[in-house]
Structure formats: C-alpha cells, structure tokens
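All chains are identified by letter, namely A, B and C, in their written order; residue positions are counted from 1 within each chain.
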Amino acid sequence: MIVHQQVLEVATSGHGSMHDLTDRVQQVVQSSGVKQGTATVFHIGSTAAVGTIEFEPGLQQDLPREMDRLFPPGEHYAHHQTWHDHNGHSHLQATLLGPSLVVPVEQGRLVLGTWQQVFLLECDVRPRQRRVHVTVMGVGDQ
Amino acid sequence: MIVHQQVLEVATSGHGSMHDLTDRVQQVVQSSGVKQGTATVFHIGSTAAVGTIEFEPGLQQDLPREMDRLFPPGEHYAHHQTWHDHNGHSHLQATLLGPSLVVPVEQGRLVLGTWQQVFLLECDVRPRQRRVHVTVMGVGDQ
Amino acid sequence: MIVHQQVLEVATSGHGSMHDLTDRVQQVVQSSGVKQGTATVFHIGSTAAVGTIEFEPGLQQDLPREMDRLFPPGEHYAHHQTWHDHNGHSHLQATLLGPSLVVPVEQGRLVLGTWQQVFLLECDVRPRQRRVHVTVMGVGDQ
C-alpha cells in the first residue's frame, strides 16, 4: 500500500480568481506510483475552496459571481466584529463549497469526465499564496 | 489491503431526476470483501451530483426545486456564450452539491443513518446516461 | 496499513448549534497510530452536516443564519407532507453542506490551517444526540 503526499502552491490574484489544478494533481498521482486508489485534494485554510467544474471562461465568471450572489460581499456578517477584516462572505462561500474533494485513480490516472476539471476558487478579498494538499493512497502494479 | 473499483451506470430522466444508489453501492462493498474502510462515490462529469438525503417523495421534489431557486434555469450565465447549450445552472448546481462523497464501511456495510440514502441528482437539461465510480478501500477479515 | 474507526457522540442544543470537533478528531488520529494518510469525518444521519470553518463566535452566528436565509424554516416543503415534522429546511441545509469531509494526516496530525477547524452544524429543529464517524486510514511509522 502506498501513501504519497505533496503540497501544491497556488498564487491567486484575489477574490473570485479560479485555478485549474487538474494537471498538477495528475502529476502527483504519477509521482506516487499508485495505479488504483484515490486522490484527496484538500485546501489548507478557511477562505478558499476546491471542487470540480468544466473549466471554461464562461463558468470561470459564473461561479464566483453566483457565490457572491448567495453570500454578498457588502452585507453585514458577525465575523466582521471579530477581526474587522470584512471577509465574512469569503468564509461562508468557502465553507459551503468545501475544502476537500476525493477523486478516484485508475490505471495511474485521475478518473474525471472530459469536461470536468479540479479547481481552486479564491474566496478571500485579496491575493493569497494558497497551499493545496494532495494525498494519493492505494496500490501500485501488482 | 484491498482496493476495489466499479462503475455504476444510471439512466436519468432529465433535469431534477433523483436516483437512490444506496443498495447498488452496498453491493459493490460486498463484492470488494472490505470489512473496515471507506467507499468513495464519485460522479464522472460536470452536470450531476452525489450526496446523502432521506430518500422520500417529498424531498425528491424539494431538492431539485430548491436548487433551481438558488441557480434558476432561466437566468443568463456566461457559460451559454461558450457552448450555447443553456445549462449554466446545471453546472453551478452540480459544482455546489459536489461530485464526491466518502461513506465509512464497518463490518462490510455502509455506515448510514436509517433515513440517510446515497443519491444522484441529474442537473443537466436532458436525460443522460450517468457513470458513478465507486472505490472501496480498506481491510478484509483479519 | 492501518484502518482505525471510532464514533464521536455530540449532544447538540438545537437548530443552528455549532460544535468544534477538531481536538476530538485529532485524538482519534493519535489513537490510530497512523502517521501518513487521511481522516474521513462522516455525520450519520440526514439533518446535520460537517465541514471546516474558522471557529469563532461571529461565524458561529453567521453560518446557521445564512443557511436559514438560503433554505428558510418557515417555507413550505413537500417533505412536510410525508412526515409532518416541519424540518424540510433542515434536510436541505444538511444535504447542501454535506455529511462527509476528508482531512489529510501527516506526521500523525490533521493538516489544517491555523484558523480552520472541523465543525458539526445541527440543522434539525430540536436538540439531538449526534454520532460522527471517524475513519483514519494510512500507514504508521515505517
């Protein structure tokens, strides 16, 4: 049984910026030697999220805009009383989308649809240096 | 250590159709021989989602209707500019609910509440042939 | 390879009550002997959810209030026809936030941000005795 772990660094450009991580996660899978198993993708922190989406220019606009419609930046959140950093909406967007994603691995490859990519969405109000943790677990050639 | 993988095929009847996958996922767990571990349920594609719910007729109406309230079918999405397929809401609903679910396995059975089932929700605008990938990972009788 | 499973009991105080599970999940990781792997946190049942958040007093108000804004308690849900228990919003909130979370484990510790904690959110309309299932899977000292 193999457990292989690696952290991907992602420099974001601020609120609503989206990043396609598919190729980098696939590279971690290849480095791991795992042929059958899972890849757990986890964002370390509370104001960005990971998930899957068809990574095309339209949805790269739609997703952050719609998350801002669900939890608008301008509203009052009790979180602001605590830190005065005015990113309550960032926390709520990130919590709802979620920090973790588990993708199956078969024959040494992520099992994804043709129009399904792994993304990171920056929800915070400024550019951040993000760390996405990847754990590949499973068996190699047997 | 055992890694067992299988794809479930699901024929959906179009936008908002819900499917109870619990028994079929349980059958994959039994085939695997895993007694303690996890079952990762993953929808391959970007316009349907998996999760857990009390699978009864009321909630089978409520969930798709409420997802349509959050991301309405009739709105303008930038995604439509890309493909002209008018399913921007389908993508957003699927991304927010998420493609992956991990259920614990104990004594060879999925650990679920009595009123908690594993579902697939079709978010696309037409009937689709869906593939749900199941990875059971863990140990057998020791 | 190690698979270690344990159930955490949580007594909630009713709709919207939030509970920080981080230390208790960390204790399960320590008991497991796993040094590298994952911890799968799964709520058994259909009216509470788990996730990660900065666990501070402001967001403990914001998250349940905003979930009530997305799926309001007072609305009509078809679920009420089935059971007459008037918790349709509880089911929808729990399904959208999701029952499962996978956190990486490195050097015998959960990999989390400094301001990122594992929470349970009670979505049901009354206090409940909750069971959160933790599966730690991976390798020990090698």
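The rule is short, and it goes like this: a residue touches a chain if its C-beta (ideal position, glycine included) is under 8 Å from a C-beta of that chain, and two chains touch if they have at least 3 such contacts.
Everything numeric here is computed off the predicted structure, so don't read it as measured data.
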*If you fit chain B onto chain C using the CA atoms, what's the rotation angle, as a multiple of 5 degrees?*
120
_Same or different interface residues for chain A and chain B, judged by whether over half of the residue numbers are used by both?_
different
*Between chain A and chain B, what is the separation of their C-alpha centroids in Å?*
19
*Would you mind listing the residues of chain A that make contact with two or more other chains?*
1, 70, 96, 98, 102, 137
*In the complex, go through chain B and note every residue touching chain C.*
1, 36-38, 51-54, 56-59, 61-63, 66, 70, 96-98, 101-104, 106, 111-113, 115-116, 137-139
*Report the residues of chain A in contact with chain C in the complex, numbered from low to high.*
1, 3, 5, 40, 42, 44-46, 70-71, 77-83, 88, 91-92, 95-96, 98-100, 102, 133, 135, 137
